[in-house]
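Below are structures written as structure tokens.
The two complexes that follow have subunit A in common; it is paired with subunit B in the first and with subunit C in the second.
Moving on to the complex of A and B:
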């Protein structure tokens, strides 16, 4: 039973990371229709930001974290401004920005690889390495920190989209871009902010996971795949779906490895099986977008 | 006007002579090809091995080169991809490489052999450790001097003989070399009558190794053998091991000898025994450390040594062959015996006796134990 509850904490933390990456996808996909596979590389860039600020310059953790997330907002804004917007304004086909962002994936990865070298780099955890026991639940300090931070981000995102006028304008653009523009919503601003927020969230995910996996130049792609799988499971329509998808994916991964009687080499295929199953039987994901609800 | 014409004509003639002379001068060099991984998953290992080979060329040329000619290293990037590796090998053969060194992933090195087999070009990997590289393809032009996984497990078991392990666990990751290393560690353990009670895989990109390590803990093994070769996953395994309060002794493959662990797995390493091919106390190794440091300003470590030894082995074969004729170089390389390099314990040497094409001394590996986050001194040598 101890193992089970310990794993619940670990899987929840992993699920929160996947959920944050899924949210990063969703923030761009909903208002623009663009799938940005470079979100994993944004996480990687932020992880290296964490290495510089927290390991090398030893800034206090909250300061370092705020600086990295703020810088990631800038990276997201610049990505949209210089990569996506020129294509959209020239009337490029919808696939063009997706391919351009795939190109940016390589650019980010190679820049980091050239700048920092191929070796993984350490990023310290927020409260050091230690074990926290909360009643029957036990896990690392970092696991509880990840869960808390992800909870705060998802809570804020839900509040923003459900309770604020600005959030409603995002939702309006997601539902019908042309109608939203006719209503006076600034599409450029919404798109820029969507990219900035998406990079900020992806950056936070990278910063939170880096103490466990280290900052390394190949860390982005697995996160992008896990986040995308979580998005497909939860659905692209709602913020809660990203978190739900992330949690389902992480629990399926980790509980299969721990308890299912499958050879260790095959257990790693479970997330992909899950992805295929959801695409076949529930392509919209578990949670439907607002406009499709009765 | 006449003067200007003459000056122009003279300049053109000089330029033409220089252009004709340049290829002739280039042809004077002995070309050695090196296939490395500059952007793919092998990059963390391929870069320092390549740096060691580059330094060896510099040292050779400073001492007058080889057969009275300068050595030219032609470097190609295969991105760790087998198909690109074969293309790179073809390009190097076309460029006139007398010998090719492969410093990439095991599958990529395997694929490059398809070209060296066909073109009868001498080819060697100085760092790959997969046991199957010289057995899957019957290529008389290919040699391997990286320490085999079978030698690594034999050395670790020799070190742990008095500990009398009966039941052990294996933890690896899912890279091709990680799987291959695991396969040969498993075979070595089973050959010694040791039961594998748990065998786990932490896939690349995992965010936690807790489920795998919980299973290991539940199986209550006498020891845990780490056979993975990717640093992030190995660090993840060590983190879960400490987090779950495990005390099982850890014995790790040679990947744990890479110094980067001291920073990415800080606080997690104390007591971990690992097999290495580098003894900093050995005289040849100390000379290399000093010379490399003087040249680059950086202290070298074991991966630099693999590249250095690889290139020096090639140079030795070409020197004994007395030419760059491929057949003669092949015969000379196969005849290598007792070549002492910077890698291996005291007294270890490279050689390809009895038609073997794996040249690392089976008694040449050492075992070291982490003391805190620092790699401790050699505590065991060889398999005896």
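Moving on to the complex of A and C:
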């Protein structure tokens, strides 16, 4: 039973990471229709930012985290400004920005491998290494920190989209770009902000997961695939869907590894099978987007 | 008739080159021909039929593994093993295509990406059948009618594979089917209104090109005489996509240019930047999408148009 509850805490923490990456996709996909595979590389870049600021320069954790997330906003903004906007303004086919971002994925990865070499680098956890017991629930400090941070981000995202006018304008763009533009919503600004926020969220996920997996130049693509699987499971329409999808994926993954009688190598196929099944049977995901309200 | 003559000349010239190379150049030459073959069939799938699939390189791997398993573990004679291997590729392609081509746009890419990753998982867990992480090695091509095909003569086989692939794709592209594929790519609704069966066109295009990749994989299996999971991983799938886009998607000449350029680039760049040529791939890819959406073949077209105007 203790073992089970420990697994629950660990799986919830991983699920929160997947959920954050899924949210990062969703922030861009909802208003623009662009699937950005480079989100995994954004997480990777942020993990190396964490390595520089927290391990090498030993800044206090909150300061390092703020600087990394702020820098990632800049990275996201610049990515949109220089690779996506020229294509959108030229009226290029919808596939073009997706392919340009796929190229950027390779550029980010190789730049980091050029700068930091192929070895994994350590990134410290927020409160050091230790175990926290909350009644029957036990897990590492970092697991609880991840859950708290993800809760805060998803809370903020939900509040933004449901309760603020700016959030409603994002939603309006998602429902109908042309109509939104006619209503005086600044499409450029919404797209810029969507990319910046997306990079910020992806960066946070990278920073949070880095103590467990170390910063490594190949860590991006697995995160990108897991995050995408979470997004497909939960549905691209709703913020809560991203978190729900992440949690379902993490629980399926970790419970198979722990309890199912299959070799651990094959258990790595679980998220892939889950992705294929959901794409084929329910490509809209579990949660449907709200209908446009009159 | 004229194009037939062209193919014969190309076959003679490309084969003649094979007899003039040392063993190191032969290795590079063979792989260049194989990459070109793959880029041509992927160009049909991605550029002409408009399907963003990441499974093309996976079918290359399926072909390579299938022929080895059928020859040395099932014990089939070579001609039967080739036929069975093609049949396996066709069946697998149908299994992927029938549900996956219903998916819109980039969702197809994701389903095929998951399929590609799943193939690697299966290879790593296949124990003695696939040789797990170490792959399969220590085998050689069985004799064909008592003749051992080696050295430059095996390169000739690859030349014939390349030209055969090009000929089939050329014919397909100029048939009603090629036009149906382009129509489906550009506007599925309009294509449907004109009486094109959209789903069937997508499935046939996917299956034919995937089977072609499988055949290329069978030939590849006896180039290095070893296959292992990392060869068939995602980096090479991405590289194939980059080749087609950089060269100019939807054009056979573009696929050939892209494959030659990106395959040979590392040999030129290695002395300058070591093994970081992937960075150059990424930069070239982004630059082409941003500034030259028709690919390098588009530059050639512009040049020709200007000469004609002058």
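Some notes on this structure:
Everything that follows uses one rule, which is that the second predicted complex is superposed on the first by the 291 of 294 C-alpha atoms of A that agree within 3 Å, B and C clash if a C-alpha of one lies under 4 Å from a C-alpha of the other, contacts with A are read in each partner's own complex, and residues count from 1 in each chain.
In this text, a residue touches a chain if its C-beta (ideal position, glycine included) is under 8 Å from a C-beta of that chain, and two chains touch if they have at least 3 such contacts.
Computed from a predicted model, the values in this text were never measured in an experiment.
When both complexes are overlaid on chain A, the residue A:221 reaches subunit B and subunit C alike. In the superposed model, A:265 makes contact with both subunit B and subunit C. By the touch criterion stated above, A:60 is placed in contact with neither subunit B nor subunit C. With both structures placed on the common chain, the touch criterion links A:100 to subunit C but leaves subunit B unconnected.
Once the two complexes are overlaid on the shared chain, A:110 sits against subunit B and subunit C alike. Once chain A of one complex is fitted onto chain A of the other, the partner contacts of A:86 are limited to subunit C, with no touch recorded for subunit B. Of the two partner chains placed around the shared chain by superposition, neither subunit B nor subunit C is touched by A:151.
In the superposition on chain A, the residues of subunit A touched by subunit B in one structure and by subunit C in the other are 110, 113, 221, 225, 265, 268.
Residue ranges on subunit A touching subunit B, taken from their complex, read 3, 6-7, 10-11, 13-14, 17-18, 110, 113, 117-122, 129, 131, 140, 209, 212-214, 216, 218-219, 221-223, 225-226, 250, 254-255, 257-258, 264-265, 267-268.
Per the touch definition, subunit B reaches subunit A in the complex via residues 39, 41, 43-44, 47, 174, 199-201, 203-208, 210-212, 214-215, 218, 231-232, 235-236, 239, 242-245, 260, 263-264, 266-267.
Within the complex formed with subunit A, the subunit C residues making contact are 52, 99-100, 103, 105-107, 110-111, 113-115, 117-118, 121-122, 124-125, 234, 238, 241-242, 245, 276, 278-279, 281-283, 285-286, 289-290, 293. For subunit A in complex with subunit C, the residues that touch the partner chain are 35, 83, 86-87, 92, 94-96, 98-100, 102-107, 109-111, 113-114, 221, 225, 228-229, 232, 263, 265-266, 268-269, 272-273, 275-276, 279-280, 283.
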